[in-house]
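Heads up, the thing below is written out as structure tokens.
As written, the chains take the letters A, B and C, and residue 1 is the first residue of each chain.
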Amino acid sequence: MNTFTRRGALGVAAVVGLARPALAQPRYPARPVQVIVPWGAGGGTDATARIVATLLEREMGQPFNVVNRTGGSGVVGHSAIAQAAPDGYTIGMITVEICMMHWQGLTELKRTSYTPLALMNEDPPGVQVNASSPYRDIKALADAIKASRPGQFKASGTGQGGIWHLALAGWLVAMGLRADHVRWVPSNGAAPAMQDLAAGGVDLVTCSVPEARAIIDAGRARSLAIMAPQRNPQFASVPTLNETLGINYSVGAWRGMAAPLNLPAPIAQQLTAAMQKVWNSQEFKDFMNARGFGMVWGDAEGLAKHMEQTDTTLGTAMRDAGLVRG
Amino acid sequence: MNPILEAFTMVATTEVAIAVLASAVYGMVIGALPGLTATMATALLVPITFYLSPIAAVATIITSSAMAIFSGDIPGCLMRIPGTPASAAYTDEAYAMTRKGEAELALGTSLWFSAVGGIVGTVALMIMAPALAEMALSFSTFEYFWLSLLGLMCATLVARSSPIKAIAAALLGLLVACVGIENPGGVPRFTFGSTDLLGGIEALPALVGVFAVSEIMRALVSPLPPRIPDRKLGSILRGQWGLTRRFQKQMWRGNVIGVLIGALPGAGADIAAWVAYATSKRFSKEPEKFGTGHPEGLVESGAANNSALAGGWVPALLFGIPGDTITAIAIGVLYMKGLNPGPTLFTEKASSMYALYIIFILANVLMIPLGIIMIRLSRHVLKAPRAVAMPLILLLCAVGAFAIGNNPFAIVLVAVFGVIGYMMERNGYPVAALVLGIVMGTMVEQNLVSSLIKSDGEILPFFERPISSGLAALTISALMWPVAVWVIRRLRHAEPAR
Amino acid sequence: MHLSDRVTGLFLALLGSLAFWGGSRLPAVPGQDVGPAAFPMAIGGGLVICGVLIAAGIGHSFEAKDTAEDDQAPGLARWLGRLGWLAAFLPPVLLIGYVLVVDTLGFLLTAAIMLLVSARALGASWAMTIGVMLIAPPVVHLAFGKLLRVPLPDGLLAAPW
């Protein structure tokens, strides 16, 4: 139970810290910081948030406690971050869904509801097929899709209207086809979709390469391309759409750190600086590389810009796929 | 060096020993707290695994999750607060034993057959992982649809009531599962504009509500039960040996069901425990005793539950497909430690694989002494007078439900499901069927819709694939069973009048 | 609260028809022949059938005899007299009350109040009630709030740790 003693020791340190005279402007952070994760324990976002929190704790000398606020398909946690007091003691990890949910009319929250702090990671979608599929490269698959009748090809990767569905829709539109030319088979996440691909149930899966990796390594599936500006150094043999088809289309599932709106600028700058150190640390790199997660950095401004861009791209893709409501 | 010997030297280090022991105690304690699940226990461990060697890191995950799954049965048995949907299959049976004054026997059964199931599951993992993995990969949405429907059909077999009421309760559960946006269409259904309902109704708050809160509600309007005689049961283990001999067939059947269903990602321990309990009742010589505190079903479903957990590691280790949330976390740790899942893990890293097997066995053996201590400690809970115990359980329901997702709405759900569970029980509707409907609903619908999309609306493919047609036959016969029983009874009753 | 099969059966049938109607109003999804409406409608239909069968008393012969309950319970039920059956609904009311006030009052005070009311309602003596009220909330807070870092609200009375 060495965790508890370690936490206990930190707790004592926190109490001692509070006991200091509050006359001088207290140095931030003076007490533990809550890191809200809108997704459940055990997922990729949770794992990323936990390593970031562990390293931030070391960087800033106060505990950073990860709190999973689940519910409402991410809406509950995202609004908990937005509605917290902007004092720097509640921050959170926001995900690409913040640029999707408002288009579907699920929430009022959007990218402008937060003080952006840092972009920590982005995973672009890939195009995976069964190992015994006749399409050896992305060009052959794209030609076959173009020649097929609408609905003949079946693809999967997430639920209806999820990020990988939009990736497929955007790619099809970029090829000059209708967004629903390939039938979307909704699945409960990338892992079941990859399993169905291996079982021969669907023709292609457009989830990210790290999510598909184990099945690819097992020789049951192949990755034909990724929808990103550059190749992923972890999977260097997989080409981009641009170099093979000349389509400059990219969209990805990203994770960033954000705080409620109107966070005082000095605190925001301090947090962004600490997160940059975390991002550059060897531990973080090792973790992300081991998981195969894409390393993309953006400071506060970078995250804001990135969110703006995804918001437009995904908005267009959702409109094309007929998913925009309200 | 021989990889098996090498594996032993990898495990026999102080670091691994401390990691196993500490995480065993940790998992035991966390799992026994209502609302805190084995998933939670494992997720909290992940930051610590950063500082451990690969084998020690995976050992903490394996050990703590095995312990937490067992000790999750403790609040279910003593307070009727089941820890997981899987243990909900036998919560009522165990609680009925507690009310008969046999809490130690019930918990001992759960402990002993959990450990046996875990070890059998591990052995199955060792000798036939590739074959099981091939089977798992041949399951497409068609097979999953029939399997989930079959799981649902267990509702009518398990219930001690009219089959029509059982079906109605299961349908009610399916209706609850419709709520939210997590459906194949991605359309908000029955959310009435509420953000909290958007994500759907989670099984755990519903479980706590229909089992624990409804029990407290009943306590408020029923007279004090006669004091449970403080019987000395003697050795917990000796009693189990007797049960093992008496219910040997049930134990093995439970293990086989657990290993087979557990190896299917996503279906896992939940369906396995229910199917095992239903099978046990269906083939029992004394089915009328089920639900009144009879250990037979507990033996079979307890064994199935834990061998399913070991089975769940098959697709995780071979293809990186998580069988449940715990193996999802474990896969992350495996990657971080350079033990990438895949067939190469079994060939190039064979010694590490053997080391993991040894830890599986070790964890399940260690579970017995630690579990006995835990049972001896926790049975004191029963000595508290009802007027003090019930309020405490109510408080734990509130805190435990909140702890699941740190969302106060879960407490509201607990309250609502408390009322639903109470009303259902008082009027002869089995709550277990409702729970099964909630757990299976998403799976049934998801696989039905996905299959129909893939087959372009054709029904025939549901019966064409070999495994699929076999499962279809099983499901349809389970569906017709209550009708057949009813008709036969009617005919028998009619005869004397002639 | 025991109701006749006729009442519960008809209630289920009503619920089923509402589900059917609610399901039928759901929008179709492009690219899915079987949209989000099908499942609720099928369940609704099934519930209507089951409800009618239950109301008609079919399958009743399978049920175990209802054990006599609702007689002399100590505490609140006795105090309420003929309305004693209402006492059963105290726990859900307390849970909802907990959600409503816990952010203002804080965990320790809310938990103490909840224990006070429910222990007295179950017929606990004052000595026992006060003992539980004083001991249990800090212990639960220590286990869940401190060790497991569940963010239990502080409110008016923060825990000293």
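As a convention for this text, contacts are C-beta pairs under 8 Å (C-beta built on N, C-alpha and C of every residue); 3 or more make two chains touch, one makes a residue touch a chain.
It should be emphasised that the depicted structure is a prediction, and the values quoted were computed from it without experimental measurement.
K.L.:
Treat touching chains as neighbours and tell me the shortest step distance from subunit B to subunit C.
P.N.:
1
K.L.:
If I average the C-alpha coordinates per chain and also across every protein chain shown, which chain's average lies closest to the global one?
P.N.:
B
K.L.:
Between subunit B and subunit C, what is the gap in Å from one C-alpha centre to the other?
P.N.:
Here subunit B and subunit C have centroids separated by 23 Å.
K.L.:
Using mean CA coordinates as chain centres, what's the subunit A-subunit B distance in Å?
P.N.:
Spacing between the chain centres: roughly 31 Å.
K.L.:
With chain centres defined as C-alpha means, what is the inter-centre distance between subunit A and subunit C in Å?
P.N.:
The computed centroid separation for subunit A versus subunit C comes out at 37 Å.
K.L.:
Multi-chain contacts only, two chains or more: what residues does subunit B have there?
P.N.:
In subunit B, the residues touching two or more other chains are 44, 184-187, 406, 409, 449, 453, 456.
K.L.:
Among the residues of subunit C, which are close enough to touch at least two other chains?
P.N.:
Counting only residues that touch two or more other chains, subunit C contributes 29, 31-32, 151.
K.L.:
Note the residues in subunit A that touch 2 or more other chains, in rising order.
P.N.:
67, 151, 160, 183-184, 186
K.L.:
In the complex of these two chains, what residues of subunit B are touching subunit A?
P.N.:
22, 25-26, 39-40, 42-48, 50, 136-141, 180-182, 184-188, 195-199, 265-266, 315, 318-322, 325-326, 328-329, 331-332, 335-338, 340-344, 404-407, 409-410, 442, 446, 449-450, 453-454, 456
K.L.:
For the complex, give me every residue of subunit C touching subunit B.
P.N.:
1-3, 5, 8, 12, 15-16, 19, 22-23, 26-27, 29, 31-36, 38-40, 43-44, 46-47, 50-51, 53-54, 58-64, 66, 69-77, 84-85, 87-96, 98-99, 102, 111, 114-115, 118-119, 121-124, 128, 132, 136-137, 140, 143-144, 148, 150-152
K.L.:
List the residues on subunit B that touch subunit C in their complex, please.
P.N.:
Interface residues on subunit B, with respect to subunit C: 30, 33, 36, 44, 160-165, 167-168, 171-172, 174-175, 178, 183-187, 189-190, 213, 216-224, 385-388, 390-392, 394-399, 402-403, 406, 408-409, 411-412, 414-416, 418-419, 422-423, 426-429, 445, 448-449, 452-453, 456-457, 486, 489.
K.L.:
In the complex formed with subunit B, which residues of subunit A make contact?
P.N.:
Residues of subunit A touching subunit B: 1-3, 40-44, 46-47, 50-51, 53-54, 67-76, 79, 104, 106-107, 151, 154, 156, 159-162, 183-188, 191-192, 194-196, 198-202, 213-215, 217-220, 283, 286-287, 290-292, 323.
K.L.:
Which residues of subunit A touch subunit C in their complex?
P.N.:
Result: residues 4, 7, 11, 15, 34, 65, 67, 151, 160, 180, 183-184, 186, 321-322 of subunit A touch subunit C.
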